[in-house]
Each structure stands twice: as C-alpha cells, then as structure tokens.
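Below, each structure is written out as structure tokens.
Look at the two complexes coming up: subunit A is in both, with subunit B in one and subunit C in the other.
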Partner chain A sequence: MNQKDKFSKEDRTTRVDEEKFRSLIGCLLYLTAIRPDIFNATSLLSRFIHCPREIHIRATKRILRFIKEAYNFGVKFLKYQELRLHGFSNSDWGRFIDDMKSTSGFRFNLGSIIFSWSSKKQDIITQFTVEAEFITT
Partner chain B sequence: MEEEEAIEISIDNQAAIEISHNPVFYGKTKHFNIKLYFLREVQRNVDVKLIYCKSEDQFADLFTEALPVRRFEFLRQIIRVCSS
Partner chain C sequence: MAITRDVYFHKEEQWDWRDSQINELLEDKIKPQLQDESIDDSLIKSTRSLEDIYQRSSVAVCKPEDYEEAQQNPEWQKAMQEEISMIEKNCTWELVDKPSNKNIIYVKWVFRTKLNANSTINKHKVGLVVKGYTQIYGIDYSDTFSLVEKMDTSRLLFVIAAHKNRKVYQLDVKSAFLNGILQEEIYVEQSTEFVIQRKEDKVYLLKKALYGLKQALRAWFGKIDDYLTSSGFQKSLSEATLNVKKINNDVLIISLYIDDLLVTGSNIQQVGEFKQKMMQVFEMTNLGLMRFFLEMEIVQSKEEIFIC
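Take a look at the complex of A and B:
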C-alpha cells in the first residue's frame, strides 16, 4: 500500500463497478488467512465496498500486482525450542479520515511463530493516542 | 495449555502502560470506557504484563499502517512470510 494514499468515502475520482470491487475484496480477504502481510491494506480497502472509487480500485490492483510478484509466499512454521507466548499491540491514531477512528492491530507469537493477528477499526472515537493504544490492548 | 508466567505484550507507548498500572483517577482519562479497565484486572492477577518497546521494535506496525518498502520487507521477514 502506498504510504501517501489517503482513502475517503467522498473521493473526487469516478465511481467504479461495485460488484467487481466487492468480489476482488472478497478474494483478498480469503487470501489473508495465509498472508498476514496484506491484511492491513485489505481490511482498509474493505471499508469502501459500498462506495468504491477509482482510487480504491487502483490501490486494490496494487495489492494484486504485489501478490503476483510474490505469489508463492506464505507463513512458514518452524520447529522451535522455546515455547513462550508473546504479544505486540499497536494503533494508529485517527488515520481514517471519514470518521477519525483509529485502527488497532495486534499479533501473538508462540515461540517465534505468528499464529494470531488482527487489524481492526476501533468502535469509538479516541481523543488521545494513549487511549487508542489502551483500547488495542 | 497452561501458561505459567504472565503473557508479555509489547507496546510502544509508555503513557498507556502507566495508565494501565495506576488506579489513580485522572481527569484526562475519565471518559475511557469502563470495560477497558478489564486490562487492570488481568494485570493485577498477573495474567498479562505490559512491557515497553521502542517504535522500531514494534512488530505489530504491519497491521496498523502503510509502511516504506524496506520496513515492510523487514517486518514480513520477522513474521516469517516467505516463499516456500
């Protein structure tokens, strides 16, 4: 995903076919089960399935191109001695410009292997970064 | 499976850790949703421990924001997404 892209519901670019966009996002969401690296981009774009614009379909095609380049990637599980549960949690703050809600993300490792991950828009509007992080945890 | 020690969760925000430890009432935090204080409860029971980590060591970045290519590839390697 391009860092400079700002997605919004009321983007000026032209509207595109909803059905096509929906099915694309559906396929990508299915793929996230084995590809946590595209999880954030996909979940961000899936917020726009009711009003897709040119900018969103462009970003989706960017993900598709990325997958085409690295199509045989996946999570690799290795045998590991130390079995310890460790978590990481993070949040951005008010980056979603339509309603200023934050996104929280976490992942959990067992040993060194990732087994649980999430990226989700928070339910309430937060006033501080601290609060956003707090909710994530 | 039983976990003997507390589960460590890394956060790159020290204030969030402080608030989660501290039962003192702050004016600035009074609007926090009451269900979030579940976090204090699990910390008191030593099920979960919050530890601070630097932003560079925050490996959950991948799930919250768009990243530059090098950082993205580094984090992807950390979570072991690689070609078979």
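Take a look at the complex of A and C:
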C-alpha cells in the first residue's frame, strides 16, 4: 500500500462492484491469519466494503500483486536461544480522514518469532498523539 | 457508353453438364466440403454425458445438488451408506412412535468434496443434516455458544513446539457432532431415501446431536471437554480449548479446534499413547504430523515450523 494514499468513503472516483470487493477483502482477511505483512493494509481497506471506489480496489490489487511476488512468504517458527516475550505497539494519529480516529497496532514476539499481531481502528477520537499511543497500550 | 440492368434469359440453351472444364471447377469447390463432412462424421464415435467430461477435465463439478443426482454416482452412494451406518453405530437415534405435541424436524442430505492442499479430491463427504432453522428457542434448544480457539494460541503452540524441537500431530474426529450428547428431547423424521419398511410413521428420537442442530457444536464441545478433564487434563485459564497434562516431568499439550486436535508433547511415547487412547474413545483419523490445518500449509522440520 502506498503510504501517502488517503482513503475516504466520499472518494470522487467511480464506484465499483461491491460484492467482488467484499469477497476479495474477505479472502485477504483470512490470509492475514498467516501473513502479518498485509494486515494493516487489509484492515484499512476493509473499512470500505460498503462503499468501494476505484481507489480502494486499486489499492487492493496492489496487495494482490505483492502477494503474487511474495508468494512463498509465511511465518517461520525457529528454535531461538531464549524465549522472551516482547511486545511492540504503535499507532498513527488521525490517519483515517472520515472520522479522524487513529489506528493502533501491536505485535507480540517470543524470542524473535512473531505469533500475535493486530491492527485496529480505535474506538474514540484522540486529540493528542500521546493519547493515541496510550490507548494502543 | 450506356450500362443496362436488363437481364436476358436464354430459354433455349441449357447448362452443359458434360463440359469437363466446368466439372473440374465444381469438383474443386464442392468436393473438399464433402470430405470435411465425412471426417466430422467419423470423429464422433460415441456420446458422453457432460458430468463425465467435467470429471475428466480439471474443472470438476465437485458436488451433486440433491439426492437424485448423488444416487447415480457410486462414490456418493457409498459415502451415504457409510454416513447412515455411522449414525446407527453411534446409537444416535432411536425409532419411536410419532409424538403428537412435539415439533418434528426434517432432515436433508448435504454433499461436499474435501480437497487436498494441491486441490486433488481427498474424499467425498456426505452429511445428513437436520433443518435447524425449524427449531424453537427455549423448547428445542437453549444455549448454542461454543468455544473456538484463537489463532494466536495455536501459533503460540507452534512457537513453543519449534523451540523445544517437538513435533505437532494432528487428529481429526470423524463426524464429531454425532458424539455430542443432547439434553433436550428432539424428534426428527426419517430420511425419505432410507425409510425403514413397515415403520414409515415412526420418527427418530435423537440421543446424540446431528449436524445442523443448533446446539450440536456445544454438545460436542461439552463431551470432549468432559473427557479431557476426566483423563487428567488441566484447562488453560485464558483459553479453555488448550489442555495441558503433566506426567512426571513431561508435558502433553492438546489444542482443540472444534473437531481438529493438535497434539504435542515432550515425550513422543506419551503422545502416541494419548493418540491411541483417543482413537479408541472417539472415531478418529490419525493425520500424523500436522500438514494442513485450517487451510494453512505447514511444513515441519528439525527445530523449525513454517506456515504459508
């Protein structure tokens, strides 16, 4: 996904077939169970399944192209010296321009192996970046 | 110069069929066509049904729509017989007189083809399902919720297994829901294709759950959960589907995903014993090392598990 893309429900590009978009996002969401790399992009695009525009489907196709290139990627569980639990979290601030809510994400590692990940829009509007980070944690 | 469009007919003259030049022309033009037709004719040796062609091509029509269609295929027929005998063997139901004041639920056949990871046909699956939507809340069922595992938990299991250099094994319960014991009194009609003669008016009283019942999932989960607890397993506090048993210094971890069991442990012997025991209690297929779980392809090698 292009980092600079801003998606909105009221995008001016033409509307596309809702059903196809919905099933495409559904497939991608299932794929996120084993692919943390497309999680953020997919969950962002899944907010538009009721009003898909051309810009959204274009971004979705970009994900598909990425998957095609990185077809063999997956999560590998290896033996690691010490099993230590690490958690990482982050959030953007008001990236979603329709309601100015932030998106927060986290990942948990044991050693260097990722086993839990998420990316989710926060429930409330935050006024400060610090607040957004706080809600994430 | 003037051009006329008048046509003059030579009534007296005739086409000279014996003219060799014209015949040659005719032969050139018409004969090839005739030959083509004859080739076409010889090619069609016999006709085949569309279904047959579909089966030979890569786009297979994987499932029949209803009983009539399935009956024609011996594979499906065999699978249906198996399903019925499975139900009988499990003592799922009992033939009783039709009660007058009870809701009777109808049944239906469902067909599905199970595919392997490389999309070849694994097996023909047939299920006798009840039409659960005719059940009434409070009379035919009460609680319907059941627990499923979070993906995070199974991934965590992989992490630990890979770290400790253990292998994860997979067991699959055959017709899992048929094992669940029902609390409610539920009657179903006889399947129209497998009616027992001279007992047409009778209906089945269900003792165990059937697919399609609203509480089937819950009944099954209760059953397996009870069994695991009674055989000394301890449930994880935060994930009820994760069961751990400690024997001396070894641990045995069972993760339950509805009817798929993932088994791993520090002692391979114990894992084997557990699998044997489970297969005696429930009807199970031993899938060996986990390779294909929830549509994920899993590769296990030494100190390494890879999912993609």
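We take it that the second predicted complex is superposed on the first by the 137 of 137 C-alpha atoms of A that agree within 3 Å, B and C clash if a C-alpha of one lies under 4 Å from a C-alpha of the other, contacts with A are read in each partner's own complex, and residues count from 1 in each chain.
Note that in this section a residue touches a chain if its C-beta (ideal position, glycine included) is under 8 Å from a C-beta of that chain, and two chains touch if they have at least 3 such contacts.
Computed from a prediction, not measured in an experiment: that's the story for all the values here.
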*Quick one: subunit B or subunit C, who's touching more of subunit A?*
B
*For A:F39, decide between first (touching subunit B), second (touching subunit C), both and neither.*
first
*Give one of first, second, both or neither to describe whether A:T103 is in contact with subunit B, with subunit C, with both, or with none.*
first
*Based on the superposed arrangement, let me know which partner A:L78 touches: subunit B (first), subunit C (second), both, or neither?*
both
*Go through the superposed model and pick first if A:N90 touches only subunit B, second if only subunit C, both, or neither.*
first
*Name the contact category of A:A70: first (subunit B only), second (subunit C only), both, or neither.*
first
*Regarding the shared-chain residue A:S119, is it in contact with subunit B (first), subunit C (second), both, or neither?*
first
*On subunit A, the residue positions that both subunit B and subunit C contact, one per complex*: 72-78, 113
_subunit A to subunit C touching residues, read off their complex_ = 30, 33-34, 72-80, 83, 108, 110-111, 113, 115-116
*asked:* Quick check on the complex: what are the subunit C residues that touch subunit A?
replied: 151-152, 155-156, 158-163, 165, 294-296, 303-308
_Which residues of subunit A touch subunit B once you look at their complex with the stated criterion?_
1-3, 5, 35-37, 39-41, 70, 72-78, 84-92, 95, 103-107, 112-114, 117-119, 124, 127-131, 133-135, 137
*Sort out for me which residues of subunit B touch subunit A in the complex.*
3, 5, 7-13, 15-16, 19-20, 28-29, 31-33, 36, 39, 50, 53, 58-68, 72, 75-76, 79-84
